[in-house]
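Listed after this line are the structures, all set down as structure tokens.
Two complexes follow with chain A in common, the first pairing it with chain B and the second with chain C.
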Partner chain A sequence: MTRAILAGLTEFALTALVIGLVILAVLVPLALSQPDPLEVLRLFVLGPFGTIRHMGNILEAATPTMMTGLAATIIFRAGMFNLGVEGSFFLGGLAAAATAVLLPLTGLIATPAAILIGALVGSLACIVPGYLRVRFGASEMVNSLVLNFAFLFAGVYFLNYVLRDPNAGALMSYKLPGDFTLDRLLQGTRLHTGVIIAFVACLLGGIWLYGTRSGLNVRIVGWSPGFASHLGLASSKLLMQAQIAGGLIAGMAGAIEVLGLYSRFSWTGLPGHGWTGITVAILARENPFLVIPAALFLAYLQVGGDMLARNLDVPSEIVGLVTAAIMLAVTAAAIFRHPAFLRLIRDIKGKEAGEEQGA
Partner chain B sequence: MAEGPIVSFRGVSKTYPNGTVALTDATFDIRRGSIHAICGENGAGKSTLMKILFGLESPSAGQVLIDGAAVDTATPDFAGKHGIGMVHQHFSLVPILTVTENIILGHEPRRAIFIDRNKAHRQVVELTQRFDLAVDPDARTDTLSVAAQQKVEILKALSRDTRLLILDEPTAVLSPPEIEELFNRLRDLCAAGMTILFISHKLHEVRALAETVTVLRAGKVVGTTPLAEVDDTTITRMVMGRDVDVPRRQRQRTDAPVVLELDNVSTRARDPADRIEDISLSIRADEIVGIAGVDGSGQRGLVGVLSGLMRPASGSIRLDGTDMTRAGTPGWREAGLAYLPADRHARGGTAALSLADNAIAGTDGDKALQWGPFLRRGAIRRRVQQMIADYAVRAGGTGERLDSLSGGNAQKLIAARELAGSPKLLIADQPTRGVDVAAAALLHGRIDLAARDGAAVLLITADLDELLRLADRVLVLFNGKIVADLANHPGLTPAALGPYMLGLETAA
Partner chain C sequence: MIEFFSAIADPAVFATVLRVMTPLLLAALGVLISDRAGVLNIGMEGIMLSGALIGVLVSAATANPFLGLFAALIGGGLLGALMAFFINGLGTQFIITGIALNMAALAATTLGLFLATGDKGMSGALKSGVLPNIDIPLLGGVPILGPLLSGHHMLTYLAILAVPAVAIMLARTPFGLHIRAVGSDPKAAAAAGISRNRVQLYALTLSGVLGGAAGAYLSMGYVSWFAQNMTAGRGFIALAAEVMGMGTAWGTFAAAAVLGIAETVAITMQTKGLPSELMQMIPYIVPAVMLTVYAARRQAKARKIS
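Take a look at the complex of A and B:
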């Protein structure tokens, strides 16, 4: 046990070291181009912790990605490269807004109902590619990627022809009624009660994955389908359950994002929190408990970059650059642990071994 | 062209860095223009020898002579330079490329930087005509039958001025008429001056095709002899080795009730390993039935229908009187199946999960380990610690990953899981392959114990000593059929099993 902890710590230290080096490699040349290089570093690294408000910004930015990260984690754990999380997030937000605009709900049930409908509708984007894979063996990666855009354009059509407020200056929905909002938690930020839901969801997700029978069975199906079939586990059912659960969580994240932050629904492109969630899941090594720090870390980079952009003559795209560099370093390691990838290697090795034994 | 042998092995040995001795002092000649067979059991060293000749491995000692001159085989493009082509048992064709593209792969005719497709097409057509191997040069490889794909492999091997063609178990994937067709083509090639090296463990095929045979056993050349001068018994004895007596299992009861019954069970499958024909057998409680047979004789099909992985095309299966013909894996496990899979890395457990998770996998609904949907971690740890102690698994703790264990210890843990809760039927498929001696002894003890506790045991193993040590009765599979049903008396030896395994005799 202690050996496992030690190995985990070493791995963590290595990851931290790599991330630190990558940040420096991107930031130092940039800082040197500025009149006060140390100020750039200070603002980026320490700035986000400067005030309570900025820390609130970190939590605010981490709220959707924690949930999409959890959704992607559950889906990946079942051994599927289903990228429908992004589409689910978008659909969830749209469906929650539609509920608020179209249904005459008031009072305490209004917000939960909108979130529930958002989750249900949003889950479609994960369920459809998952089903096509389980039923027909179609590549879930390609299908989910393509369907994300199909859902986006169907959603924009719906927004334009059903939800659109003709009196608003741009393509956006009618105002969401006041009963359909999440409470703000911190003055000066847009931090809302959704962050609590996100934390709780990740903790529950971790408990489910590591502490329950069905979590164990999903891990077995995801890591070694052969062993699952040896045990007689209902692999297709477990796979579908994971896609449904992931889709529901991602849809819920979209609903919470819209109800928590906006007074009107105005997404006409994919918001990108699903993609970030996939990044978070890979960074967290597909561990729901680690999704929390991973999402917070990416949010911290985001806030640091925003501060650079606001206070100095530094483009905010630099954050994208830093995140990309970090992801490259971290995923290079993580991808080599991914069950689907490992299975591919094992198949190739198995063939070679078979040849050796053949004669 | 020079006279004398085309290839001579002189004291060739191969020891791998991990200490495995694959070949010891192999010395024999291959006559120019002959069909030369190499015979031996799995692991006898056939593959290593061919890899050395094909330039994939270099010998640790000894020399390979080609046309009488010593050569260094481990040089780039050695095989191409000396005109050696090889058809591997597992095809190495790219499925989405056409026949032509596969054949020219690696030595494409070029015009500037582009592939000269017309020339390639002409070359391939000319090749198919010259060797009378008809395949459509423009067909996509994955649309072809297995036999046609093999033709492509042979054409590919012949495409570079080949003088020596090596075929590794070429008949394993073919049906009898296809085999006949292949043999005719090979005879034609031989008549045209080609030297053919034919690797097989099917004696009648060797006899049908080859003039000379070299027998390998445990990395040593047992002998090289013209087939006309030896009878099958002698070759069998050469392949199987001398008779060594092993201690037998002492069975407690011989009148125990029948637990497993198969009536005329057949499967339909392309792969011969999955194909069984008209199998009838019954196993009593406290009886270990051993299955002998060359790899791919239908063992996988038999295990498949007995574990719910495959459904029989006809026939019926009963376990303890209950019809299990159509049962799936959950049904079989529910009914009391314990199964030690041959491919234990992919099917016996999950490498990346902890010992505890692996040990309790499949115990869904066990109230002692579960509280509602939640796992009782404390109870699980105690249970798994007990299993680890009972099976002498050498492990740091229940939280370690399965792949931190050695092969023998991992198999002991798998056995501990499968044998928990007295099974009715135990399938042990290669239970001790690649396992150290101490672990093998423990596993043998546990299999015996499971039988004494009332399980019917089906033991499938390539290790004939293990088979004779454990089995009460030996069934020999050949081409998916039971060709012999022998009581395991002290006189039964590996050499006595040989003729049945090689398809020369039946005694069902």
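Take a look at the complex of A and C:
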């Protein structure tokens, strides 16, 4: 057991090393173009830990991506490259706003009802491509990619013709009634109770995936469809379960984002948290428990980038470059499947396996 | 129906269809080449965006739009080659590579625009060039046909000429054969001595060159400036067009034309104050339906055989 943990730590150390190098590779040339290069590095790396408020900003930024990361993790674990998380997030936010504007709900049930409806409607964007794949064998990747935009424009139509407040100037919904909100947790930030939901969701997701029979079955289907059918598992049903679960979580994430941060719904483009969620899932090696630190880490980069933008006139887009580079680096088989590294991991683990055999 | 055809025959409407179709067609042909080689180019959106910025920056710096176009082609090709290096050299998945490229391109183009102009939104301050329209001699004077076929953007003609070129390349040249071999059965191709890595490198580079051309058209033809995220999902529509085209150049051409007409109708509706959002959905719903129907028919056929 200790050896397994040691092997895990070795892989983590390599990941951390690679990520550190990637950040330096992007940041150092940028820093050198500025009058005070060291200040750029200091602000980006240490700035987010400077004050409680900034740390609150990290949690705030990680709230949606923890949940979209969890959604993507569950979907990927079932072996599907369904990219509908982005569409689900958008639809979930829209549906929550629609619930708030259109339904005469008040009091304590208002927010949970909006989140539930957001989750249900949002899940469509993951369920449709998943179903078309399971039922007809159509590529879920291409379908989810194009349908995300179809759901976006359907949503914008709905916003424009049903929810739009004609007196608001720009294209945005009526004000969401006061009962439809999540409480703020920290003064000076927009951190809200949604972050607790996100933490709990990731923990429950991890327990489900590693601790229950249906979680195990989903992992088997994703890992080896052939083996799953030999075991007599209902593969189609399990695949759909994972798509539905992922879609519900992503839709819920969108609903929580809208209720927690905004007083009106005004998304007219895909907000991008679904894509970040995919990065989070990849960085977390598709492990729900690791989704939490992965999302926090990307949020930390985001806050660092925002601080650069505010204080030094360095565009925060630099973070997009860093994130993309990290995404490639941590999936590079040339690094993480390198024979030398695999041998090292096997040496660390291997003796234990031998001992077990001997005993 | 007659109304529809007479509307299309109207030179102004026809020109609009060609205008919106050109970037889709160029990019979709690029996607086609990559797909046939077994590495679907999801990064097309990012390559187009990069091509659009490179074209504007280089044409502004050199005061020569052709140098801008040339640089966009080179830049697109290099990005395609970079994808191939990551996929086959470093062993990343092609889907993740494409997603990462799109993410990086959105960030890098905004950053590049900011460094060049101090503005993150638009390149209005730069005096960038526009690629010319071409009047075809003799044809221009012919009634009805002349105004329809002559006087379009040079990249529009290039896009249309690229259709038979890609079709012939894929069907009748050794390189096309290698692409199809690697795409349909990499192991058999390897046994025949065809290097997958090299073929995919060339295919993605070519795909990137076409994407660069599509991007250059957007910023030096469709409009005369670069704006943040100006591709606005066109790379994904191109992906959809290729899927609708069922993996052939002529099919991709037909799909790009259909999607171009749909977008033209959407633009027309928008100017008349009609709900254009529903029309904007068409370029995304039609490919999903076609893909599903195609897959369902293939599945049914497979069942019949077994």
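Throughout what follows, the second predicted complex is superposed on the first by the 332 of 359 C-alpha atoms of A that agree within 3 Å, B and C clash if a C-alpha of one lies under 4 Å from a C-alpha of the other, contacts with A are read in each partner's own complex, and residues count from 1 in each chain.
Simple rule for what comes next: a residue touches a chain if its C-beta (ideal position, glycine included) is under 8 Å from a C-beta of that chain, and two chains touch if they have at least 3 such contacts.
The model shown is predicted, which means the values in this text are computed figures rather than measured ones.
Enquirer: I want to verify the contact counts: of chain B and chain C, which reaches more residues of chain A?
Expert: C
Enquirer: By the touch definition at the top of the document, which applies to A:L185: first (chain B), second (chain C), both, or neither?
Expert: Neither partner.
Enquirer: Just to be sure I read the superposition right, which of the two partners does A:F81 touch: chain B = first, chain C = second, or both, or neither?
Expert: second
Enquirer: Now for A:W275: first (chain B), second (chain C), both, or neither, which partner does it touch?
Expert: second
Enquirer: Considering only touches as defined above, state whether A:A325 meets chain B (first), chain C (second), both or neither.
Expert: Touch partner of A:A325: chain C, not chain B.
Enquirer: Quick one: classify A:M141 as touching chain B (first), chain C (second), both or neither.
Expert: It touches chain C, and chain B stays clear.
Enquirer: Contact-wise, after the overlay, does A:S229 reach chain B, chain C, both or neither (first, second, both, neither)?
Expert: After superposing on A, A:S229 lies in contact with chain B but is clear of chain C.
Enquirer: Applying the touch criterion given at the start, work out whether A:A150 contacts chain B, chain C, both or neither, answering first, second, both or neither.
Expert: Once the two structures are laid over each other on A, A:A150 reaches chain C alone.
Enquirer: By the touch definition above, which chain A residues appear in both interfaces, chain B in one complex and chain C in the other?
Expert: Shared contact residues on chain A (touching chain B in one complex, chain C in the other): 337.
Enquirer: Could you please specify the touching residues of chain C with respect to chain A in the complex?
Expert: 40, 42, 86, 89-93, 95-97, 99-101, 103-104, 106-108, 110-111, 114, 120, 233, 236-237, 239-240, 243, 275, 277-278, 280-281, 284-285, 287-288, 291-292, 294-296, 298-299
Enquirer: Sort out for me which residues of chain A touch chain C in the complex.
Expert: So the residues of chain A touching chain C come out as 81, 129, 132, 136-139, 141-143, 145-150, 153-154, 156-157, 160-161, 275, 278-279, 282, 315, 317-321, 323-325, 327-328, 331-335, 337.
Enquirer: So in the complex, which bits of chain A are touching chain B?
Expert: Residues in contact with chain B: 1, 3-4, 211-214, 216-217, 219-220, 223-224, 226-227, 229-234, 337, 339, 346, 350-351, 354-359.
Enquirer: In the complex of these two chains, what residues of chain B are touching chain A?
Expert: 42-43, 46-47, 50, 88-90, 168-169, 199, 295, 307-309, 328-333, 339, 341, 343, 345-353, 357, 360-362, 364, 370, 373-375, 377, 396-397, 399-401
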